[in-house]
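Given below, in the form of structure tokens, are the structures.
Shared between the two complexes below is subunit A, which has subunit B as its partner in the first and subunit C in the second.
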Partner chain A sequence: MSLEEVQSLEGHTDRVWQVSWSPSGDMLASCGGDRTVRIWARDGAALVERWRCVAVLEDTHSRTIRSCSWSPDGRQLATASFDRTIAIWRHAGGVWENVAMLEGHESEVKEVAWAPNGSLIATCSRDKTVWLWEAAPGNEYEVVDVKHGHSQDVKTVHWHPRGEVLVSASYDDTIKLWVEEDDEWICAQTLAGPTGHMSTVWEVAFDAAGQHMVSCSDDCTLKLWACRKEAGELRWRLLSTLGGYHDRTIFSVDWSKAGLIASGAADNAIRIFGEEGAAAAAAAAAGEAGGAPAAAADEEALAAAADATAAEPGLRDIFMQQAHSGCSGGVGSFRLLCKREQAHPLDVNCVRWHPTDHTLLASAGDDACIKLWRWRPAGADAAAAGA
Partner chain B sequence: MAELINPAPVVHQRKETRRRPERQQADGEEREPIDALEVFEHIRDITDPEHPYTLEQLSVVSEEAIQVDDAAGSVRVQFMPTVEHCSMATLIGLCIRVKLLRALPPRFKTDILLAPGSHASEAAVNKQLADKERVAAALENPNLLQMVDRCLGSSL
Partner chain C sequence: MGDLFDSALNLEEQFQQEGYEEGLTDGRRGGRAEGRALGLQKGFEIGHEVGFYAGCCQLWRQLQAQEPALFSQRVDKGIAALEEMVRSFPLRDPKDERLQDLMDGLRGKFKAVAAGLGLQEAALLPEQQGGPGGGSGSGGGGASALQF
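Up next, the complex of A and B:
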């Protein structure tokens, strides 16, 4: 098993904070400290897979661009900046146009995330708030809600794949799950306390089915969370903690649709985690749901965790269909499959799996570079050695 | 400045330096490893934000409180504010961080920490100084950058 470097994409002149694949995977957007966004596309004429910069979006943000997010239809890109604004860009025929600016946050905007249905945009900021914006006709965006739940700057907002839950994570060490109820977004659950992270939570990601979530933190651990039904309510509980793998802050985590978790950290390394057992890995690679049953130890940890978390209004029954399809199966037994040391010569700020090509991974670093990687599973390794 | 946080700090002598001769470095040849003394040289002459003295003169930094592992690329600096409720602690830490960002090769990972027990909000200050996103944002704030640069002006 290995992670092979395919290409290094150069052009940014400062730290690259984030990369984001377009929904179809034909483009990659990147942004960073040089206050530009770069759009990369696959060079169709090249024999081997090559990606090249096809557009540079600049002169709009006056400070670092921290985050970029595609609209679900792939026609628009939202960018969030330390200059307190969010820009909306539309592209047609290779031309990019800045069509709207979202203003209202009182300090640096840390993340922007377009909801899966395309009508809502979530943003979060150093000002401790999470904002929800709704697209209106004529490139107008209305603020539909401002949430004040966190006590410190909010590092990330992330949508559940089905869009009914918005997750936020913060410098206050907590993760919050927000759901819409009567036109208002309410905090349904806070993941904190004994089972939660002990320092800043930098990012979260869901598995393909949306039944599990992974979070990464300055406490150098990854935590796996599962959704399960308890007394008629769906609650997220700690499933397991992946500790002892990272030496420094973990900035980024992503969960591929094939079931692999990638993490990027301040120790310059990228790590790949997968489920215990080759059968599970093979099933995951083939895109099948499910996996090995959770170990007894995980079940115990789960029960302990269930007692420890503070009671709050429950999540609505939006996970009903998923709940009876087996929320507790699988995912508790993740292990490290591969550690790619010095993936970048400096901090790795972001890792993102390609949306359809499940062995392609993009990463962004403090070295101003973006790298593309190929995941070679165990079988592929042996085949390569034989050849 | 209206009211000083520490109106009468103890001022120490600037220590004799053991500055080494200029590095002689042939292209791509063996380089001299970076050590605690070199890191100390970079930060000793930073001016305190509220007094016309250097961090060394106020015993905020010392060579003994710096750990360097050149091979691993790690630098750890502990600093000691003159009073334990010092509201300037974050700014002092930021100055040290920025100075080392500018002076050391980028491969070095620097941890800037308050000396244990030296400050009332030790954990909060340490957490802020360790958050590179906050540090990056601070350095894009012209007012804050001006304050940092004023403190660093003396240590070039």
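Up next, the complex of A and C:
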């Protein structure tokens, strides 16, 4: 099993902070410290898989562009900048136009996330707030709500695939879940405390079904959460903690539709994790000796999380059962399938799986490069095993 | 003979007790003064902030009276919500547990309305303004620094 470099996309002149695939996967947007956004598309003329830069969006933001997010119909792109604004871009026939600027945040905007319903945009900032914006006729955007709650810099906002829950995570070590209630957004749950992360949470990602979430943190762990509702209330719970695999901050995490979790870290490496059952079979096929510590469900944490519902003993048993089952709603143990050291010569800031080509992965680094990787499962190529 | 030695035996305990009581009295006096000062400071800050929002609402309504179509429906609804939050804010109960959350909600709603009106820095409290570089005044970037 290995991660094979397909191409290195160069052009940015400063660190690349984030990459984002268009919903159909025909384009890749990248943004970074050089205050530009680059749009990449497949080179139709090339015989092999080759991507090239088809547009450069510049002279709009006056500072680093930290994040970019596509609208669900793929026609628009939102970009968030340290200059405290969010720019909305529209493209048609290869021509890009800046159609709106969203102002309001009091300091650097860290992320922008376009909701699945296409009309809401979420943003977060070092000013500790999460803002919700709604598209109005004529490229107008109205502020729906401004949420306080985090006590520190909010690093990321991310929508649940069904769009009912907005997740935010912060330098304050917590993850907050926001839902709409009577036209107002409220914090329905905060994932913190003994089962939560011990340091800054950088990113979150959902599995294809939206039943589980993975979070990555400066505490060098990945945490898997079950997205559950009880009696109409959100009751997301910790399922397991993947510790001992990273020894530096994990900046980015993404979950492919095929069930693989990719992480990008401050040690310049990209790691791929897969579920125990499938991985064990694949590892056996490749003749690999299982040396990595098994990522078994964290029993203590599970018990603690289950005990949190002490008032409902029946639920506790169901929860424990599901967490261990690996099927029927629970998620199995994850194990490290591959570690690609020096994926970039510097920090890996972002990893993103292609939406339809499930073995294609893009990564962005402090080296100002974007790299495209092909995931080769066991049996595909014996010569390119491991790192 | 017994009386003389009795009082000598209790001396240590007696002095300890006196010292304790003096400390208690001094502590009470100092603590009360400190608490009063803190209460005055926090009370002023809260009152000042809530009053600021109340004043903004009043002004906006006056402007709206002169020009009924001035605000979008969303902004109008936001101002109404802001007015209600200001009206129901527990100004008389410093021990109200909801104080921080209510203040957060108030700030958020104000920011949403201000952004809807296209006001940015102008909408912040004077001590929060300072320009992107921080400039003079408290806090960097104009982020609200009131904590409880």
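A few notes on this one:
As a working rule, the second predicted complex is superposed on the first by the 325 of 387 C-alpha atoms of A that agree within 3 Å, B and C clash if a C-alpha of one lies under 4 Å from a C-alpha of the other, contacts with A are read in each partner's own complex, and residues count from 1 in each chain.
The criterion applied here is as follows: contacts are C-beta pairs under 8 Å (C-beta built on N, C-alpha and C of every residue); 3 or more make two chains touch, one makes a residue touch a chain.
Because the structure is a prediction, the values reported are computed rather than measured.
Because the two structures share subunit A, they can be overlaid on it, and in that overlay subunit B and subunit C fit beside each other without clashing. Between subunit B and subunit C, it is B that contacts the larger number of residues in subunit A. Applying the stated contact rule after C-alpha superposition, one finds that A:Gly104 touches subunit C and leaves subunit B untouched.
In the superposition on chain A, A:Val56 makes contact with neither subunit B nor subunit C.
In the superposed model, A:Ala208 lies in contact with neither subunit B nor subunit C. In the superposition on chain A, A:Ala378 makes contact with neither subunit B nor subunit C.
After overlaying the two complexes on the shared chain, residue contacts for A:Arg126 are found with subunit B and with subunit C alike. Once chain A of one complex is fitted onto chain A of the other, the partner contacts of A:Met1 are absent, as it touches neither subunit B nor subunit C. Within the superposed three-chain model, A:Asp145 lies in touch with subunit C and out of touch with subunit B [touch as defined at top].
Contact with subunit B, but none with subunit C, is seen for A:Leu346 once the two complexes are overlaid on the shared chain. The overlay of the two complexes leaves subunit B and subunit C separated by a minimum Cα distance of 5 Å. Comparing the two interfaces of subunit A, the one with subunit B and the one with subunit C have residues 107, 126 in common.
Taken together, the subunit A residues at the contact with subunit B in this complex read 15, 33, 63-64, 66, 82, 107-108, 110, 126, 153, 155, 171, 199-200, 218, 248-249, 266, 345-347, 366-367.
Against subunit A, in their complex, subunit B makes its touches with residues 106-107, 109, 127, 130-134, 136-137, 140. Contact residues of subunit C toward subunit A in the complex are 72, 74, 104-105, 107-109, 111-112, 114-116, 120, 124, 132, 140-143. Contact residues on subunit A toward subunit C in their complex (touch as defined above): 84, 103-104, 106-107, 126-129, 131, 142-149.
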